[in-house]
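For clarity, chains are labelled A, B, C and D in written order, and residue numbers in each chain start from 1.
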Amino acid sequence: MSHSPDIQMLRTRYREVREYSLTLATPLSEEDQCIQSMTDTSPTKWHLAHTTWFFETMLLKRHVRGYQAFNPRFEYLFNSYYDALGPRHPRSQRGLLTRPALHEVHAYRLYVDIAVLNLMSNANTELWAEIEPIITLGLQHEQQHQELILTDILHALSCNPLLPAYRIKPEPVPSQATQVGPIRWIDQPGGVIEVGCGATDGSFAFDNEKPRHPVFLGPYAISDRLVTCGEFAQFIADDGYLRPEFWLSDGWAILQANDWRHPAYWLPADDPRLHDLGESPHEWHVYGLDGTRPLEHAAAVSHLSFYEAAAYAQWAGARLPTEFEWEAAFVAPGISQMTGHVWQWTRSSYDPYPGFKPLDGVASEYNGKFMVGQLVLRGSSVATPAGHTRSTYRNFFPPSARWQFSGLRLARDI
Amino acid sequence: MSHSPDIQMLRTRYREVREYSLTLATPLSEEDQCIQSMTDTSPTKWHLAHTTWFFETMLLKRHVRGYQAFNPRFEYLFNSYYDALGPRHPRSQRGLLTRPALHEVHAYRLYVDIAVLNLMSNANTELWAEIEPIITLGLQHEQQHQELILTDILHALSCNPLLPAYRIKPEPVPSQATQVGPIRWIDQPGGVIEVGCGATDGSFAFDNEKPRHPVFLGPYAISDRLVTCGEFAQFIADDGYLRPEFWLSDGWAILQANDWRHPAYWLPADDPRLHDLGESPHEWHVYGLDGTRPLEHAAAVSHLSFYEAAAYAQWAGARLPTEFEWEAAFVAPGISQMTGHVWQWTRSSYDPYPGFKPLDGVASEYNGKFMVGQLVLRGSSVATPAGHTRSTYRNFFPPSARWQFSGLRLARDI
Amino acid sequence: MSHSPDIQMLRTRYREVREYSLTLATPLSEEDQCIQSMTDTSPTKWHLAHTTWFFETMLLKRHVRGYQAFNPRFEYLFNSYYDALGPRHPRSQRGLLTRPALHEVHAYRLYVDIAVLNLMSNANTELWAEIEPIITLGLQHEQQHQELILTDILHALSCNPLLPAYRIKPEPVPSQATQVGPIRWIDQPGGVIEVGCGATDGSFAFDNEKPRHPVFLGPYAISDRLVTCGEFAQFIADDGYLRPEFWLSDGWAILQANDWRHPAYWLPADDPRLHDLGESPHEWHVYGLDGTRPLEHAAAVSHLSFYEAAAYAQWAGARLPTEFEWEAAFVAPGISQMTGHVWQWTRSSYDPYPGFKPLDGVASEYNGKFMVGQLVLRGSSVATPAGHTRSTYRNFFPPSARWQFSGLRLARDI
Amino acid sequence: MSHSPDIQMLRTRYREVREYSLTLATPLSEEDQCIQSMTDTSPTKWHLAHTTWFFETMLLKRHVRGYQAFNPRFEYLFNSYYDALGPRHPRSQRGLLTRPALHEVHAYRLYVDIAVLNLMSNANTELWAEIEPIITLGLQHEQQHQELILTDILHALSCNPLLPAYRIKPEPVPSQATQVGPIRWIDQPGGVIEVGCGATDGSFAFDNEKPRHPVFLGPYAISDRLVTCGEFAQFIADDGYLRPEFWLSDGWAILQANDWRHPAYWLPADDPRLHDLGESPHEWHVYGLDGTRPLEHAAAVSHLSFYEAAAYAQWAGARLPTEFEWEAAFVAPGISQMTGHVWQWTRSSYDPYPGFKPLDGVASEYNGKFMVGQLVLRGSSVATPAGHTRSTYRNFFPPSARWQFSGLRLARDI
């Protein structure tokens, strides 16, 4: 049977995306891949299994006649949050699953990959129309978990007093001058503009980006670049974490309860773990995927909660952009750092778009049921896989989340 | 000194509003007025003192030369959440303040009232321009607490297994047929419409209702009336509280953790407290300000969390309106029950309006710092004081709150 | 019917004990009597009702033919912990019972008192043999709650930043020199000695003091007096609360979790509540039933947890006595302050005596079911009612309890 | 240098004990050895490292001139609870230490073992007198952790819905008839008897077993054997977990809060995990080190909390023995199963013996600081290493602990 170019292309893409998940796990030991440092995060091994479960459950069990599950228990173990698919292992206990062993999860991936690739090879036009959207969704889903593999292992390793690095050889950071000039404000006229992703557009988008619809924006200005670590250090030095006037009420309460004094993963000069590292620093250090390094003043500040981002903006005499202001400015001349550095908190709650419809069928729980109590982040980060970026992409996290690569860009009324 | 009509009018209004707070407390004993049943609620006595503290702190201490505080310690005891005004008594411990005694709080009210009325009487034009907005704000603030006096004591008394009634003589309920017909859908065209309250409008509005600004709405339909208790009982009978497909993820988790099976204050037929009351009911009862009564099928369902309201809408094949859809439909022909029955959950997160500016000065913490993690409710309830209702009014509560008089109205796309 | 002298005597005693409970409540407002500041404590009103419930449930309902309960719901409301008597109001919510009102509880007391006194008057010999032990137990029970009325209201009022005094006119403290000499050690030979209360002894004792039985003690020395506030201040000054070597592991954990730096109710010189009181102290103050006073150096230190008592003893190069060492030394020549000042923590866990038998019948849950995880205190305190003291009395509290009048006496091996 | 026989013997014993720890870990993967399922338990890897830390810290750093620590950070990572030795890694986060890797911990063990064996080889008489007690203590300490390796991994694996077995090939259970006869009561006369371990005795004992001292015991009877699973199943069938009259108050509260209905690791016939295993059982199953098996009726019941043991005894019309009754009966004719099956809860709180002195020096925190709030268990279990059993041995756990091999033997007064 000869494969159509579409099928060939998706088979190639499938293999690439699936392989990249394993590549991300390469620097990690079996032990590293097993642990879970908080309920919000998951073990690497769990991510590897769950993304496979997604293809097995959503695709193979529904479209391969007589499909034999790799292990019937995995239905229970690796379901994340799909109530329609039955009971599941509690989220907070994913780190206790030493069995299946990592090599069994590798075997599970191989087993499923072969079945998926076979299914694609043998698909006629009718079947292809059915399975192509599921496979595409599954790959987008896997890419989301690829970012989580990085953010989650970073959190897990940060709990180790030895502060081990995820990778020894540092990743070249996105081109970043050691100094940046002052922010430049880019004026935007507003008016009725179209946002979101249209159904007619052939490329992929999640249900939460749809439908494309008009919104009314007043005129505003948006900063040409992200807020830097150096700027954020000034906020700290100006007692930003000690002055309630900059903070939302919930944020101030969380700050006090958790004794927040700086972004997550920043280490003050007197942190005993720095001393142990044989350094005698006189300034901030930052722990990250490459280990512990002196603060890079020109780098985008990261690992902020929404509360910290909003407090910084208040201190700076500005505000956060709404998600639509951000989206409307995506192609504004002079704007930079919109993607690839840090996710950018917006001043928009994660509400459904007018006319929002969840996906049909088994993936209907994918996005819609989380649309309350979260804030929208736009852009993408250093941890986002290549090709997983769109101007209409809506990422979302609770306002207290700090373990993502999350920073901010300023806006103001004009 | 002759008083201008404006001053006279506000003096009269001041006396009326202040007196009404005491009227609300009339059915309650000293003990009743002291207790606090959860951190979200406050004792009646505390409400009486805090609303007085508001005038003393925001007005008298700033505008009466040589003003002697009634008791300097009250600054600490009765501050609610104003960080700029120094430390305060922890919110969760308001129920332990047996001292000052109730009669001392009454004396405090009298002391402050005399000073406020004197200040008004003697105000020249310049001073009047300064103090009038504060007094007006203080009265609006007191009206908000008047509603809370009722919702909070209802919760407190509901914790008593004797289920005592707040008032013996039942309030006549808002005209309510014993039967209602099916919902009628009112179509609205949408388009760019103006919402919020304009600065030029002379009447009062809170800062969170401003500025007036255009939004774009698609066409939609909104139901002509509220969802009733009888309709909600059908949702329960259809296993609404047992089927996750209707629920937002957070709502389902809270339902399970708290074993929610019906709205707050509903009593199933086998509740032992009903048996003690000497009743042998065969159906739902509802506890309220008038005590325990059989479910009124035609009455608006109340004491719902946002999660329950949204789940009901999902079950009914509809959705909640956004706050702007609600506002745009306020004067639609045929619409009813927009105010005076229950606050109506909308599908809008409580975000700041574009161009939102907090109040200047000491009351700047009034609204803005709560603009995250909450949902907007529109309308007003049976507990809202007369004259405290506006089409642009934005009430807000966390999505899990159930102790307010909160229900819903349906909407749908067309 | 003429009453026997026994009956007359018990009737008199009944009236005296019951009246004393009300006397203790005299300085308190209705509000004061309603509040509960933590789960371990109870409102005054609840104590007044529960002690009455005890007579109604244990005596009247069982021995008065056709007895009509004052209010059938009180069975549920005022049961403390008797599982055999059915479900009960949750302990943590006793402070929410504004109804029944205080005057109803007073009426309840009167109603039950009349019935009890009548029952006694009309008892024949056979009935008397049955009811006398229950009435005596009920009065002992009420005396225990009389002490709790004081300790519980002290805790409740201490939560008020105004630090109100329970009584304005100070109680004369037990004769107390302003200075005390050094501790004198009293040697005791040990050997096989009899402890506990014998069945043949006519006077009252609780089941947990029985049976009298031999124990073997080695030789030891016990201090002639209690540890004073002045001595305890030296422990603090010597960093006693900062040095783990003095502390049991659980105690050190609790100290750190709660930031203990001194006994309960001690106020350091810089406590803002002292400043508000218009004092500018240079030393410790102590809050108590008479309000806030400068530390009395010669007074027995009080409001210690077991952990603090044991840590002090460790610091002082001594140890706590066992409960049997304490009991054996009760009549030792030269010993003082054994009763009437503070309950004295012993180094004995609250285990059953060999041959321990709980009370028969409805009061069987009185003591036995608490015999794990608690420590024995011996003696009695300033809050113990007159006549409620015995050398064999076993009081018991969890090791972290601090709201009792609890201190210590030292012992050591010889 | 020629080694004395004593030194040779201890070197041999050192190697055997140390090797046995690794033997116990053999069936476990790297992942298995890393996880921690609750704060009370520790990862296998942590046990392997901590027991090594003990020798390094207590012995090598103090007695080897110029000793170079294997890794200076391990002082912080593997200290268990010794406050005198500085800060330590939080107990609840031991499961997050993926680094050092398991092979590094193996290297650590080897490094320390060589140094310890060298130190022994080269010790002169004077040094030997100093180090021999520390080495002996270290080996006893390691044996305690050998038992914990088993109990802790059993708990960890039990949290996996797959219920993996620690070992595939079942251990032959201690000789156990499939049926047992009724309990036989063995009468003991009591009197003044000596308990504990004397200083003059040459063999090892922990400080908490000393000094040997007289106690007075009344006459009592003790059962000749342990309570069996079959007997405990009758207690369950008789609603033992539903009737509060058998339970201590704290135990009843914990039972209700945790919904206890049977011993830990028992699986009712309808447990879904049994179904997954392909079994269709009609009776209890029990999960253990060998996996899941049908209940063995004649086997000693295990994994009971003190509360369950005491409730069973109450139901059976008996009581638990005190620790001294147990010790006095150790050599009674006809008694069996005193060691090697399950630890036996006694009715004795873990209090210090009269004249108790903690160890001198760095190990002074070994036992004494835990002497409150725990209960004594006597005997030993299937998990106790050979040679780690004594009639005077005092094991201790909080009354709610269920993850040990803990059961009971009955006693009664005569």
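Operating definition for what follows: a contact is a pair of C-beta atoms (placed from the backbone, for glycine too) under 8 Å apart; a residue touches a chain by one contact, two chains touch by 3 or more.
Which protein is which chain? UniProt says A, B, C, D = Ergothioneine biosynthesis protein EgtB.
The model shown is predicted, which means the values in this text are computed figures rather than measured ones.
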Chains touching both subunit C and subunit D, listed by label: none
Chain whose average C-alpha position is farthest from subunit B's own: D
Whole-Å gap between the CA centroids of subunit A and subunit C: 58
Centroid distance [mean C-alpha coordinates] between subunit D and subunit A, Å: 45
Centre-to-centre distance between subunit B and subunit A (centres being mean Cα positions), rounded to whole Å: 37
Whole-Å gap separating subunit B and subunit D, where each centre is the average of the chain's CA atoms: 58
Sequence positions of subunit C contacting 2 or more other chains: none
Touching pairs - complete list by chain label: A-B, A-D, B-C, C-D
Residues of subunit C defined as touching subunit B within the complex: 29-35, 37, 72-73, 76-77, 89, 93, 95-102, 156-157, 159-162, 164, 276
Subunit B contact footprint on subunit A (complex, rising order): 81, 83-84, 192, 213-218, 220, 244-245, 247-252, 306-307, 310, 322, 347-352, 354-355, 369-373, 375, 399, 413
